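Structures for review follow.
The two complexes that follow have chain A in common; it is paired with chain B in the first and with chain C in the second.
Entry: the complex of A and B
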């Protein structure tokens, strides 16, 4: 026992808030599919249960009931699978994933799908700011609106929003694509280095070095394909925006710095 | 006092990390059976849409983001198939477990995950029993 006044510091090198949490083993598994209720579980318990099912039980289809807008759910899933959240997620949902196909039957908070490497995330409702921050690959489909700075530092992948997008959308975007079906706030594509932004609605203002681009058959093919895959109906007419390359100086960068955006 | 500049590696490629070249870098026949659609989530190429043929040290190459290195391609690449070939070589590299990032997983990964990521079904799980490395003879500072 620690004496009065003695400091006892315990920590986990992985930075875990609940270092000793264990998977609650509450899921019902049948025919390769699992369902569990997250109402009374902590964030870490929910994620541990997900990983247990996907990595240990070889379940490839998991439904999470009552996610309750908890933060950081469904993060770090690194395998091919299907995950359905029957409700909304809080901040940083489905971040750092590589491979899963996720359906969120609700809304998501800030920074959904940040640093996603591959996979598909479909959100039935709205998404907060910073959606798809530093996205590396895969598709993020938001059937509602997306907040400010969606696709900030995007390095690949595709963000689709059927609604409006906030200010500074595509800020510092470096690769990838955004398909925005509604209106867009001020500063679209500010300081973007590369990538393509398609907008069907009105653009409040363009950011620094974001300019209209020339439409090609490849643009039409991309948009028609994504709308068909996700059942989004007939695509509206889009304007295309790209980097004006006034700020573009990759050729002068060190090789290791160039790799950061690949 | 005589000093010598340390060797500076400016372009780390996959061969440098692995210490050897892989046969699929030299023989197109070895990548012909790679099914790109089956290897990726969703109904199209998904993340491979962003992968294209690049150049490193004057050679055609594809970038392996899982090891932060270029994978050079030594066989002739037919015109019009540049990106497809690059993607197939990369997927073969990942599925075979040759990527240096994958080789590090067994020892260093902190959380359970499939060793061969999302590219191979039924891959063994690694990272289930991670402990922080201990430096022999090291003692934590007082109060920790």
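Entry: the complex of A and C
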């Protein structure tokens, strides 16, 4: 029996966390490019293999085959690189990344690109709800449709969707842009603080304090540039929505502050 | 959290027991407390009743075995007293049974009420196609215990439960049978906030509730609407207005499988449709557990009701 000090503590009540997992070292590396098959690997093994290649082997282009809709793949990558997923991702894909250019040749589940700092994520299929939640920077391009509440709490960056979008899109958005080419569900831009939402299709209903904005040349320039970069063809005509700032009460003091001033 | 799954084949019978086990096992992380199945066979003139005489975690006191045997005897006696022609009775586990019988002249509500009058007895399902199996543990455990991998049928739904609103026991596990209507079952992911209002309303019209679980009212609510002549789709559309809270639920009858998502789109659902099969689940990984290749899936939007008929 091991002494108390030596005992390794691991919390694995549900058999999901793998505290002792190691990178499986299965990738084939050639000319600075790496490919590996994720079919029989666990989430942690896939992420550890990605990190090993990007940080230790200095590979800048990794292709992951058969991601199989597993959750939390490609999370927390903090270096400039190119990652290709040849299939769909589950929930929380490419969250907390800073720098990579990711191409998902399938769909993504809920909360893709959550809290992304910079980089590009291009998704060929659909996306689930909460796409780009708390996005800070970079571009998220979804070629299918997005679910509900995309760009909730968005603080920067750009979300582009070529298909429809669900309810409460841009809920409590604070900065950044959304370019939505399809129809949008109810409550668009509800309680947004700032930022811009462009919609080409029909809007089912606007959320609280979201109002149509005035179109400027800068808007045209932005949309044309983004469409050109991602090869999305000729942009359709967009409406612009911004915050009405009716809920702004920043000048009013809180009751406790008022006492201090008096 | 909870995870729900459903699969319906458009033609023929398939190994839905095996499929559903794979789907639910891959979503084990969404709910490790209990696992439940509602499996549908092609219509049979026998009625199949699944019932339990104790819960999985009932304390095993001195008289436990005696009591079970006595109660089981009473079940059979009451079945016979209603002129049921018993075809077979299987003891699936220590406390769960499956009885197949014909009931030439009897009403199902009366039968269910008489059986449930026996102490600790709960009818889990009753129908010509439907069989509900639920127990504590993950899908592999439950499928092994009840030998479900060989179950062939037309469609199935399932549920992995993370208990939030009521106890961890079989009574609180999904799917729910729509007592006293044959062949209707529901699995639900979410919370209903006008549960007590509906429970009282449905109790006044004569329904019983076996659990404290909010999801149970969805099944009875739908079944009552359908008994008044509504189609499954209409009943589900009404529920969007009349049930409050957050929910994504799957409802099944002997011929149809439907899914309903609330106005907030708060709970997930991923949907795959092909010429041969429709599969849906809280996570795509569950669908990929039975269709092992890259597929096109999408998430239905808020307030959507979708029904597939066989």
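Keep in mind that, in the parts below, the second predicted complex is superposed on the first by the 232 of 262 C-alpha atoms of A that agree within 3 Å, B and C clash if a C-alpha of one lies under 4 Å from a C-alpha of the other, contacts with A are read in each partner's own complex, and residues count from 1 in each chain.
Methods note: contacts are C-beta pairs under 8 Å (C-beta built on N, C-alpha and C of every residue); 3 or more make two chains touch, one makes a residue touch a chain.
The model shown is predicted, which means the values in this text are computed figures rather than measured ones.
Of the two partner chains placed around the shared chain by superposition, chain C is the only one that A:144 touches, whereas chain B remains out of contact.
Of the two partner chains placed around the shared chain by superposition, chain B is the only one that A:80 touches, whereas chain C remains out of contact. After overlaying the two complexes on the shared chain, residue contacts for A:119 are found with chain B alone; chain C is out of touch.
Of the two partner chains, chain C is the only one that A:128 touches; chain B does not reach it. Of the two partner chains placed by the overlay, neither chain B nor chain C lies in contact with A:43.
In the superposition on chain A, A:225 makes contact with chain B only, not with chain C. In the superposition on chain A, no contact is made by A:161 with either chain B or chain C. Of the two partner chains, neither chain B nor chain C is touched by A:72. Judged by the document's definition of touching, chain A residues 14 lie at the interface with chain B and also at the interface with chain C. Looking at the complex, you find that chain B touches chain A at residues 10-12, 40-44, 46-50, 54, 63, 65, 68, 110-114, 117-118, 121-123, 125, 130, 132, 143-144. Contacts from chain C toward chain A in the complex involve residues 28-29, 32, 263-265, 268, 270, 283-285, 287-288, 294-299, 301-302. Residue ranges on chain A touching chain C, taken from their complex, read 14, 16, 68-71, 87-88, 90-91, 106-107, 109-110, 125-126, 128-129, 144-145, 147-149, 164, 166-168, 185-186.
By the touch criterion given at the top, residues 7, 9, 13-14, 51, 55-56, 58, 76, 78-80, 98-101, 117-120, 136-139, 156-158, 175-176, 225, 229, 254-256, 259, 262 of chain A touch chain B in their complex.
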